[in-house]
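Each of the next two complexes has chain A plus one more chain, namely chain B in the first and chain C in the second.
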Partner chain A sequence: MKYSYIAPRTKTVFTPEVKLMLTFFSITIFMLLSTYAFLLFKEYTFLSDLKSIQKSQSQLQTDLSKMKDDIVFIQKENDLAKSIQTKNLVLKDSITNLFDLVPQRITLSQAKLDTNSLVLYGITPNKDIYNFMLGAPLRSIFHRTYSSFYPVGNGWLRFVSTNYTDDDLPTLEGEADNEN
Partner chain B sequence: MKFLESLYIKVFVSIVVEKEASDVYISIYSKNKLIDSYEESYDTNSIDEKMISFIKSYTKETPYFYISILDNSKNQGAIPTCSKNLMSNYHDMSESTHKCQNSQWTHFTSKNDLYDIERKYQDIGIDFIFSPFSVLSNFFKDKIDGPIGVFVLLQGESISLSVFENSELIYAQHLDMNIIQDTEEFETIDTVQDIMMEGEDDGIDLDSVEADEEMDSLDDFGDIEDLDDLDDIDDFDKTEDVEEEFYQESDGVPEQESEETFNEDYQRFTHIQKSIHNFYEDSNYDSEFLENIYIADAVGVTSELKRYFEEELFMNVYIRQIALTTEVSELAVSEVLT
Partner chain C sequence: MKIKISRQNIYLISVSIFLLIFVLIFSFLVLIPEGKGYRENRTEFMKNSKELRKYQDFYDKKQAQLKDLQKKHRAVIVAFDNKFNAKRFQKQYKQNFSSLELSELKKKSKKDEFTTYEVNTSSQISSPKSFYNFLEAVNKSDWIIQVNFPINFKRDGELIKSSFTMQVLSNTRDENKTKKVEKKSTH
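Let's turn to the complex of A and B:
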């Protein structure tokens, strides 16, 4: 101070009114920033959840697709099983019918049933009994039938009857290959 | 902070207390430039609700407001030294506070009076308290750096008298008119009335005027008859301040006076005359002859006062009108903005 006996009071822009206003502004800004930070956090967690859900969704879709494939495969297996069952039933019936076909006088020693062939080994008293009682039904069932005879010591004939069908039955392996 | 400060206006409030009235001057500065000013006068020598309301209506606009007041303590003065060791030669400073000016001279005032002022204006608070001697030296700053001269600040109840030579204070005294009036009022007025009455008859007969102490002191200045050497008179003429005279003529001083102002002017003259006499008598000061007296007039003196000095003390008198509130405001501005 050049002239005055006393020094002036300290002057500041932070008057009580300004302090009050700044306090309110500070609180408001703090609340805004807090809200912003909270929203940022929520957005982060939301995005994180979204990614997790998307990953899960993708996994589920993959699983679903795999399951659909499995279902299709199982259905096909089921169909095949049913088909096989049906065929087995047919085969069973065929075998039953086959043994029903064999007359009392002819004795079967061996039978080889293949997919599309049937080979019978047995003993017949003579060729006529065989041709009339067994050969005829076999010819009606199979497309091609071949018979061969050779004599046994007591006059009877040992025969080998080979029968083929042209219609191939579907096989499991064949079905699977077709699928692929 | 400086940046924030520059955004606000600055309000300077200056208060000058005179007898039973107070003048309040408000100046508003923006970017160190005066943009507006207002002045009000109140019929109180203290502070009242109206004054507080007027001041606060401006100070509330900015936190940067400064309230200054002119010290009206009776126990104030100025001494021609800044040395603490030498101060006691002039004044006992134990009860006073002081302020050194330009490392050359010191003005002082009573500590208790400062506390009184601060207590009286505690509702608005006081930032600056200025001495009349600061106002005086600032007002006559273009003159105090010249040859020796008497510089007087006339207020309603007090007179601040100082003698400067080349910006150096030689002598100063603060005169309270009320205190001296109590003891000398009647005597002074009687003497003046006597002179007037005798003058009405057949002119003033100097021999018939009873010589009192003040009149005796005139003898110390030398008898007019001793000034028989015309060269000396020429020397006086050289000391006249022609420039100041020119301004004074253009300003003009009231010629007409009422009896009341006549008495007051004569009282002022006698007080100043007595103080000048003290200057000559006191061994602390070099009694250099005082030829020029510069008066800062805050009360509106008449041409009679000038005539007293010219005719009785043979001094060149220069009177300038002073607006005390404005001067106090300028001091506050110089404290803050420079």
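Let's turn to the complex of A and C:
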């Protein structure tokens, strides 16, 4: 026997109010969780980026220190090369000056150049020409000058002029020591 | 007065309160501290990035300086790295001498990264000018050479017999490094 003309509604927990409330909270919780996930992801990327930054920084520091050493070394090489080039040119000038010093009338047969000494062998027409034209300039350059003469058959004299300077001229090793 | 609340509404309010408490607890205990951590990490990251950029700029500057120096002093660097070759030397400078003989290269001293080798030469020149030319040319040679005392000139007929010492400088910096690495690897 029917008491109603309409079909009965099936009762459900999900009433429109519950649905509304669940929708609201679902959206809220979804937003909270996605924010949390975003923060976790960012934390992970920050940490990995920080690690890579620290790695690059330490690599840069190593490279920089190597590069600084290279720069200092190149400058050292260049300075040393320049100093050697200057010494060679000074040596050239010294030898040029030495040979320019010898007058036309005196003939050199041998010249021995050392760091602090110069020994000249040669022949001169007489002692005076030697003393005025070669001995005097040599005495003005060197601290100690000794000359000895031996007669040659034709009246000319063979001479040996030994000249010393008391200054210790810097040698390559000495200069390197000083630099250190 | 009696408030009549249906059972369904009680369930609704309970679930709402539970979810609200969950949202609040989650926000205050998890999300906000995590957010603070994020901000701290971001600040540190920015600070480190700035520092890295500074390092990078300084590195670029030094690299440019190094490259510039390498380019500018290329000849000197190559000359220091070159090993002395007596045959090549004789070939290069024979035009300055009537004859040129070199003794064996002897290691003389070692200071820091440089080793000095000594080589004695005996030669014959037609005039002192040839020797001057040699001294000028040796500065542009493939090696770093210092002509040193004792220098001896002796007349020999029309020619002049000359003998002098040459000091050849060589860079042993890289060799030292290689040796150190080899020692480390053997230990």
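Throughout what follows, the second predicted complex is superposed on the first by the 90 of 180 C-alpha atoms of A that agree within 3 Å, B and C clash if a C-alpha of one lies under 4 Å from a C-alpha of the other, contacts with A are read in each partner's own complex, and residues count from 1 in each chain.
The rule is simple: contacts are C-beta pairs under 8 Å (C-beta built on N, C-alpha and C of every residue); 3 or more make two chains touch, one makes a residue touch a chain.
Bear in mind the structure is a predicted one, so any value in this text is a computation, not a measurement.
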item: First (chain B), second (chain C), both or neither touched by A:I6; value: first
item: Touching partner for A:T15 - first (chain B), second (chain C), both, neither; value: both
item: Which of chain B and chain C A:E43 touches, first, second, both or neither; value: second
item: Dominant contact partner of chain A by residue count, chain C or chain B; value: C
item: Common interface positions of chain A, toward chain B and toward chain C; value: 13, 15, 18
item: In the complex, chain B residues that touch chain A; value: 1, 4-5, 8, 63-66, 68, 71, 97, 99, 101, 109, 114, 118, 125-131, 134, 138, 331-332, 334-336
item: Chain C residues touching chain A - in the complex, by the definition given at the top; value: 8, 11-12, 15-16, 19, 22-23, 26-27, 30-31, 34-35, 37-38, 41-42, 44-45, 48-49, 51-52, 55-56, 58-59, 62-63, 65-66, 69-70, 73, 76-77, 79-80, 109, 111-114, 116, 128, 131-132, 135-136, 138-139, 144-155, 167, 169, 171, 173
item: Contacting residues of chain A [partner chain B, same complex]; value: 1-6, 8-9, 11-15, 18
item: Complex contacts: residues of chain A adjacent to chain C; value: 13, 15, 17-18, 21, 25, 28-29, 32, 35-36, 39-40, 42-43, 46-47, 49-50, 53-54, 56-57, 60-61, 63-64, 67-68, 70-71, 73-78, 80-81, 84-85, 87-89, 91-92, 95-96, 99, 108-115, 171-173, 176-177, 180
